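Written out below as C-alpha cells is the structure these notes cover.
Per-chain residue numbering starts at 1, and chain names A, B, C and D are given in the order in which the chains are listed.
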Amino acid sequence: MQLTETTALKEAYNSVRKYSEQICSPLETEDYVPQPVPFVSPPKWHLAHSTWFFETFLLKKYLGGYQEYDPDFNYLFNSYYNNVGDRVLRTDRGNVTRPTTKAVYAYRQHVDRCMEELLDQDLDDQTRSLVELGLHHEQQHQELLVTDIKYILGHNPLFPVYKEGHQLVNSFNAESGFMQVPEGIYDIGFMGDGFCFDNELGRHKVYLHDFEISKSLVTNEEYIDFMESGGYEDFNLWLDEGWSWVNENKVNAPMYWHKIHGAWHYYTLGGLQQVNPKAILSHVNLFEASAFAQWKGMRLPTEFEWEVASVNLDWGQRWEWTNSAYLPYPGFTKAAGAVGEYNGKFMINQMVLRGASVATSPEHSRKTYRNFFHANERWQFTGIRLVK
Amino acid sequence: MQLTETTALKEAYNSVRKYSEQICSPLETEDYVPQPVPFVSPPKWHLAHSTWFFETFLLKKYLGGYQEYDPDFNYLFNSYYNNVGDRVLRTDRGNVTRPTTKAVYAYRQHVDRCMEELLDQDLDDQTRSLVELGLHHEQQHQELLVTDIKYILGHNPLFPVYKEGHQLVNSFNAESGFMQVPEGIYDIGFMGDGFCFDNELGRHKVYLHDFEISKSLVTNEEYIDFMESGGYEDFNLWLDEGWSWVNENKVNAPMYWHKIHGAWHYYTLGGLQQVNPKAILSHVNLFEASAFAQWKGMRLPTEFEWEVASVNLDWGQRWEWTNSAYLPYPGFTKAAGAVGEYNGKFMINQMVLRGASVATSPEHSRKTYRNFFHANERWQFTGIRLVK
Amino acid sequence: MQLTETTALKEAYNSVRKYSEQICSPLETEDYVPQPVPFVSPPKWHLAHSTWFFETFLLKKYLGGYQEYDPDFNYLFNSYYNNVGDRVLRTDRGNVTRPTTKAVYAYRQHVDRCMEELLDQDLDDQTRSLVELGLHHEQQHQELLVTDIKYILGHNPLFPVYKEGHQLVNSFNAESGFMQVPEGIYDIGFMGDGFCFDNELGRHKVYLHDFEISKSLVTNEEYIDFMESGGYEDFNLWLDEGWSWVNENKVNAPMYWHKIHGAWHYYTLGGLQQVNPKAILSHVNLFEASAFAQWKGMRLPTEFEWEVASVNLDWGQRWEWTNSAYLPYPGFTKAAGAVGEYNGKFMINQMVLRGASVATSPEHSRKTYRNFFHANERWQFTGIRLVK
Amino acid sequence: MQLTETTALKEAYNSVRKYSEQICSPLETEDYVPQPVPFVSPPKWHLAHSTWFFETFLLKKYLGGYQEYDPDFNYLFNSYYNNVGDRVLRTDRGNVTRPTTKAVYAYRQHVDRCMEELLDQDLDDQTRSLVELGLHHEQQHQELLVTDIKYILGHNPLFPVYKEGHQLVNSFNAESGFMQVPEGIYDIGFMGDGFCFDNELGRHKVYLHDFEISKSLVTNEEYIDFMESGGYEDFNLWLDEGWSWVNENKVNAPMYWHKIHGAWHYYTLGGLQQVNPKAILSHVNLFEASAFAQWKGMRLPTEFEWEVASVNLDWGQRWEWTNSAYLPYPGFTKAAGAVGEYNGKFMINQMVLRGASVATSPEHSRKTYRNFFHANERWQFTGIRLVK
C-alpha cells in the first residue's frame, strides 16, 4: 500500500475502517464484551483501541484545536504503550462493560469525522506515514478480531455460528512436491517504497545452504496420520517445553477439534463440521509443528529460507511457523517514543511466522512480513510447511 | 411467606419473578455479561439460573408433558448441583455470550407461562414447598444481583451510575446505647409454619452468659477513627489470616472507598460520592470487623447471642458478622438428592452473618436466617455490631 | 504439670529438653534440613525454635547480664511472633543450611546452662509460668517433630525406617459400643491449678442435647469398607470443599497408604508395612472424617460433647476431629505482647481436635486441651470418633 | 580433550571425578541437601546424578556382569531422560534426605572402581566417546555445583563463607577498546578431532556484516552508572518481558548485590564484600544485558559475531550473553535414544551464551561451545560484551 495521493489515503482510510465494522456485523452485543483468556481481547476493545491509536498519535498532535473525546479513553484503550501512560490491566479488559458497544461506535464515528478533516489538509510525509501505520495497525487488529471472535464463539458450549456458510478453515493446496533452493548469499528484508514495519528493515545478506521446501502445506489428513500413529504420546518427537505443554493441558488434537461419535469435527466460523481431510491443517502451535516435522524426518524452514523460497510459492492460507526466533535484523533501531514500542520490545521468546492467513486483511501481507507468537499459541490460523 | 392458598402462591410467584427483572432494568446489555471475579456471577446468569431451578425441580417433574426448553441450558445454568449433572466451570460463566440476554428473557417467559399452568393445578404440599423454595432461592439471587451489579459497575474505572439518586449505602441507626441480655437457657432456630431453610431447623437450647449488645451498627465515622489511628497497620488487632489478607492486598479501607484529593469517597449505586460520616459502615469483611472490635476492646456477637437479642433490635440495614462458624445445628439432616445440596455441603470455613441488608429482597428475612460468607469476602452489604 | 517447687521445675525442664533430642537421635544429619511442604518444618528448626523461645522470653528478660547468643538467631528462629521482629519466610526454612545441626545443639546447650542458672534463682510466679509455657510449647513441637519426621521420611521414595520396630501407627481400641450422655447444662473449659493454654480458659456453661458417642475409634477395617463402597467417588457424602480437595489431589486413601500388589500398605515410623485391619485409623482429615460419618449415617461430636463424654472414655490414641470450629470461649482475652500471639490470632478457619495421640509427649494432654488444624490437614495422627 | 590412549582416558576420568569432590570439600553435610529454587539442585544430587550417568550409559551396557548398585537410584538420580524411565519430580530433589551424602560418596566409589575395570578393557570408539561425553557432562555439573552452592550459601541470611579468600567474582579485563570485524562469509561450528557437543556440529557458513566488538567486558563501575542514571526505572530500555520481570521482582541491582549503609556489597564465595568497581560485572540476565546495551546505544553480539571475533579476544571470565536464540544449526540431527535428549529438546525459548566463566572447569571450554539459559536467569557467572 503506497499512498502518495490524498485521495488514495482517504480511500484507504475509509475502506480499512469500514472493514473492521463489517467483521463485527454478525455479532450480538454480548459477543463484544468478554475476554475468556488474557491473550484474547474483547471485540469492543479492538474497535476502540484501533480508534484510540488515530486519536492519540494523529488527532491530538496534528489536528489544530482537537479536543480529546473522553479523557478516560486513554486509560481504557491503550494497549501496551508505556509512553502514553497508565492503562487498564490487560487481564481486565473483559470486565469493562462501559462504554457500551454503541458508545464505542460513536467514538469511531467521531474520530473518523476528525480524521477526514485532517486528511483533507496538506500533510507532510511523516504524518502520512503515521496514518499508514495506523491503518496497518488496524488491519492487524482485524485479523485478531476474527481469531478472537472465533475463540469466544468456539469455546461456547453451544458452538454458535458466526456466519452461516463461512468456510475460513477450509482452504486447499494448489501445488505439491518440493522445490530446491541452491546454496548462496541472499538478500533479506524489505526493499521498496511501500509500507513496511520497522522489524522488516535493515535489508541484509544471509548465507543459505541448499534446501528443499515443500510447495504445499500439511493437510488435516497428514496430521491425523501423525495423531493416529501416537504422535501426542511419543516424547522423543517433542521439544521439552512442548512435551510439558501436551501433558499439562492433556492435548491430543489441534485447537477446535472434537471427537464426536468417533469422528473428528472442528469448530469453524460456519459452525461445527466434520474435519475435511484434504483441507490445510490449521490451529497448531510451534510445539506441534515441530513434533510433526520430527515425525516426518524433516524440519521447519528458517524465516530466511522461507523468504527466499516465497517468490516461487503459493501462499496466504496459513501463518506458517518457522524455526526462527523473533530477533532484530542487523541494524535494527527502534523509533523514539511510543511508536518505538511497536515491535522491538517483543523480540524475546517468540517465534517468527511467515506468510498470511485466510483471516489476514486484504493487502495486509508481504513476503518480508514478520509475524510472531509464542511457541504455545495456536488460536491464529497457523499451519506447517516442511523443509528437508 | 406462608402460602397455603393457590392465589397467594401465584401472586408471590409473579411478584418475585418480576422483581428480578426490575433489578436489571437499568442495565445495558453489556452489563449482563461479565464475571470479573469468580465469586461474582453475570446478571444474565442469575436470571437464567433462577429460572433453571423452576424448570429442573418443578416443571420437568410435575408438569405433565413438559418438554425441556433447551437441553444445553442444564449444562449452562446449573450452579453447583452435582446431582443434576455436569456444568460450565464456575469461573467461565463470564465467557458464555450466548444465549443472549434477550434469549434468557425469552426463557424466563416460557418458564413463567408453564409455571402458571402448574400453579393452576391442585398441588400437594411437597410441590408447593418446592415452589416456595424456588422463590426464596430467587430472592437470594436478587440480593446477589444487586451486589454483583455493584461490583461490576463499581470496578469500572468510569464508575458508571446504576440509577441516579440510588442511595443504598446510606442508611442510619435509629437507636444507640447497649442492651443487656441476662444469662440463661434460650431456644435457637426456626419455629412456626412459614418457610425457612433447612439450616435454621433443629430448634434447640443454648446456654448464654450475660452480655451487652449494641443497639446501633458501627458508622463510617467510627471506622474512620479506627483507620486514622492506624488500625490497618497494627498486627496485634488482626487475626493471622486477616493480617496476611491486609498485606497481600494492600488494604487500607473498606471496599469501594477511594481517597480523592484528600477526602474519602465511596462508590454507590447512585455513583461516586463523598463518604457520609453518620451513615452505617458497609463492605467490610470478618477480618476487618474482628480487628475493629479488638481495637474497641469489644467483640462480635455469636449467632446465638444475636438471635436472642434480635427480638429487641432494629435491624435490616446490614448483614452483621457474627463470630460463629457456619456449622449444622444439632439434629440437622440434609434432604436426599439435589435439594440436599442447598446448604449442608457449605458448612465449613464460612462465618455466619445475621440480619438482612438494604439489598435484601422484601420479606426475605427472618431473625433465624443464617447467611454465610468466607471471612475475606466483603462485596455484600456487611456491617458490624459490637458486644461487650 | 503443676510445678511449685524449684526442684520439680528444674526436673521438668531437663526432662522435656532431653526428650526433644531423643526424638531426633535416630536421624541422619541430612534429615534435619528439609521442609518438603510449608506446613512441615525442618527438625533442626524445631530444635532451635523451642530454644529461642526460652532465650527470648526468659533469659533476655530475667537473667541478669545475659548476652544474646547470636543476634541472627532471632531472625532465623522466630516462628510467627510479629512482636519480636522480622523473620525468615516460613516457606524458606528448609533452605537455611547454616547454622548446622551441630551448631544448633551447641545453642541448646548454651541456653540450657543459662536456664539452669535462672532456675536456681528465686523466681516469681509469672516467670515460673513462662518457663512452664516454654515447656508446653516445646512439647507441642515434640509432637510436630514426630509428625514432620514421618512426613520427610514417608515421602522419600525409599521409605527409610525411622526406628526398627517402631509401631506408632498400630494402636487398638480397648472398648466398644456407644455411651449415652443425657441432655443438660455442662461446664466447659479448664478448672484447677495446673497449667493450661489461654484458649482453654473462660470456663462456661453449655447446654447439650442427648447424644450417644462411640467408645471406640474408627478402625482401618471400617474405613476400608467406606473406600471399597465408593466413598471417595460419591459427592453426596462430602463437604463441597472436601469434594474439591479429593478431586484436585486425586485422593483415594488416607495419607501414607499405598496399594502394592493389590494389598494396602502404609508407611509407619517402623517402615512400610501391610495395613493392620484392626488397628485404629490414622492420618485422615476433617473432610474424610466428615464423609465417613455421613456414610455411616452418623456425625462427628462437637468439642463440647467430646469434653463432657471424655470423663468416661479411653482416649489418647488419635487426635479426634470434632465438628467445632476453633473459636474463642466466652470471656477469652489474649495476653498483651508476644505471648498473646500464641493462640488467639489463629481462631479462624480451623477445626478443633480433642484428645491426644500416640505421638503426644508424656503429660502433654488434658481433657480440656484444644488442638486445631485446617480441615484439609492430615499429617498428624488424626482419627475419627462417631456420634449418633 | 582428545583421548585416544587408554592411559589418557583413565587419567582424565580420575581427574574429572576428583575435581567434583574437591568442589564440595568445604561444605557442611547440611549444605548438600536443599533445593531452594527449582533451577538449583542439591550438591548431593549433582554428585549422584553425574555418577548415575556413568552407571546407566556405560557400566550397565558395557561392563560384563555388572549388577545395578541400587534399583532406586535410577528413579532418584535421572535428571530429564524420558528414555530412561520415571524420576523424582525436579522440584522435589531437595526433600530426598536419603541416601545420605556419605552413601552418595560410597556410590561414587563403587562406580569409579567399576569404571576403572571398564577402562582397562579394549574399548571401541563409540564407548570411548560415551566416556568422554560422561566426563564433559560431569564438568557441566561442576560449574552448576559452584553456582548452586553459591546460591544456597548466598541466600542464607548469615552469608556463610564457602572458602576464605575465594575471589571468583573479582576478575578483570586485560584489554580495552573495540575490534573491527569486516563483512564477509564465515564458517561457524566445530571442526576438528576433539570432543564437542552435538549442538556445535553442522559446521556451516554465515554471512556477517561489519561490526565492532568490545575487547573488554562491562565492569561493575559501568553498570553502577547505568543503575544510578535510572536504568531500572526507564521502561524504554527494556524488553517487554524484562520490564515485567523487573517490576514483579522489584529488581534494582544484579543478583547477590546488597546496599549496606549506603555502599554496594556483593556476596562472593569468599563472603560478603564491597563491590570492586574495576572488576567485571557478573550475575546479570539477558534482560539486564539488553537494557544496559540499549542504554549505551549499542547492542549484544550474535553468537556468530562472537565466534568469529573470539579468535582475537581474551575470554573465559564470564558467560557472555548473545542476542541469539538457542536453535539448531543447519543439518543438526539428534542421536537416537537417551543421549539424543542431551541438547536438542531444549532448543526453544533459551538464549545462547558464549565463552566460559571463572567457574568453568579446566579444559571445559571451546570457542564453538554453545551454553544456553533462559532470559531471566542470572545465577551463573554471566556478563556483558557490547557491539556497535
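In the analysis below, a residue touches a chain if its C-beta (ideal position, glycine included) is under 8 Å from a C-beta of that chain, and two chains touch if they have at least 3 such contacts.
Values in this document were obtained by computation on a predicted structure and should not be read as measured data.
Under the touch definition stated at the top, chain A and chain D share no contacting partner at all. Centre-to-centre spacing of chain A and chain C amounts to 58 Å, using the average Cα coordinate of each chain. Our note on geometry: chain A versus chain B, Cα centroid distance of 45 Å, whole angstroms. The set of chain C residues that touch two or more partner chains is empty. Contacting chain pairs in the structure are A-B, A-D, B-C, C-D.
Within the complex formed with chain D, the chain C residues making contact are 28-34, 36, 44, 72, 75-76, 88, 92, 94-101, 152-153, 155-158, 160. Residue ranges of chain A in contact with chain D, taken from their complex: 80, 82-83, 185, 204-207, 209, 211, 235-236, 238-243, 286-287, 290, 299, 323-325, 327-328, 330-331, 340-341, 345-349, 375.
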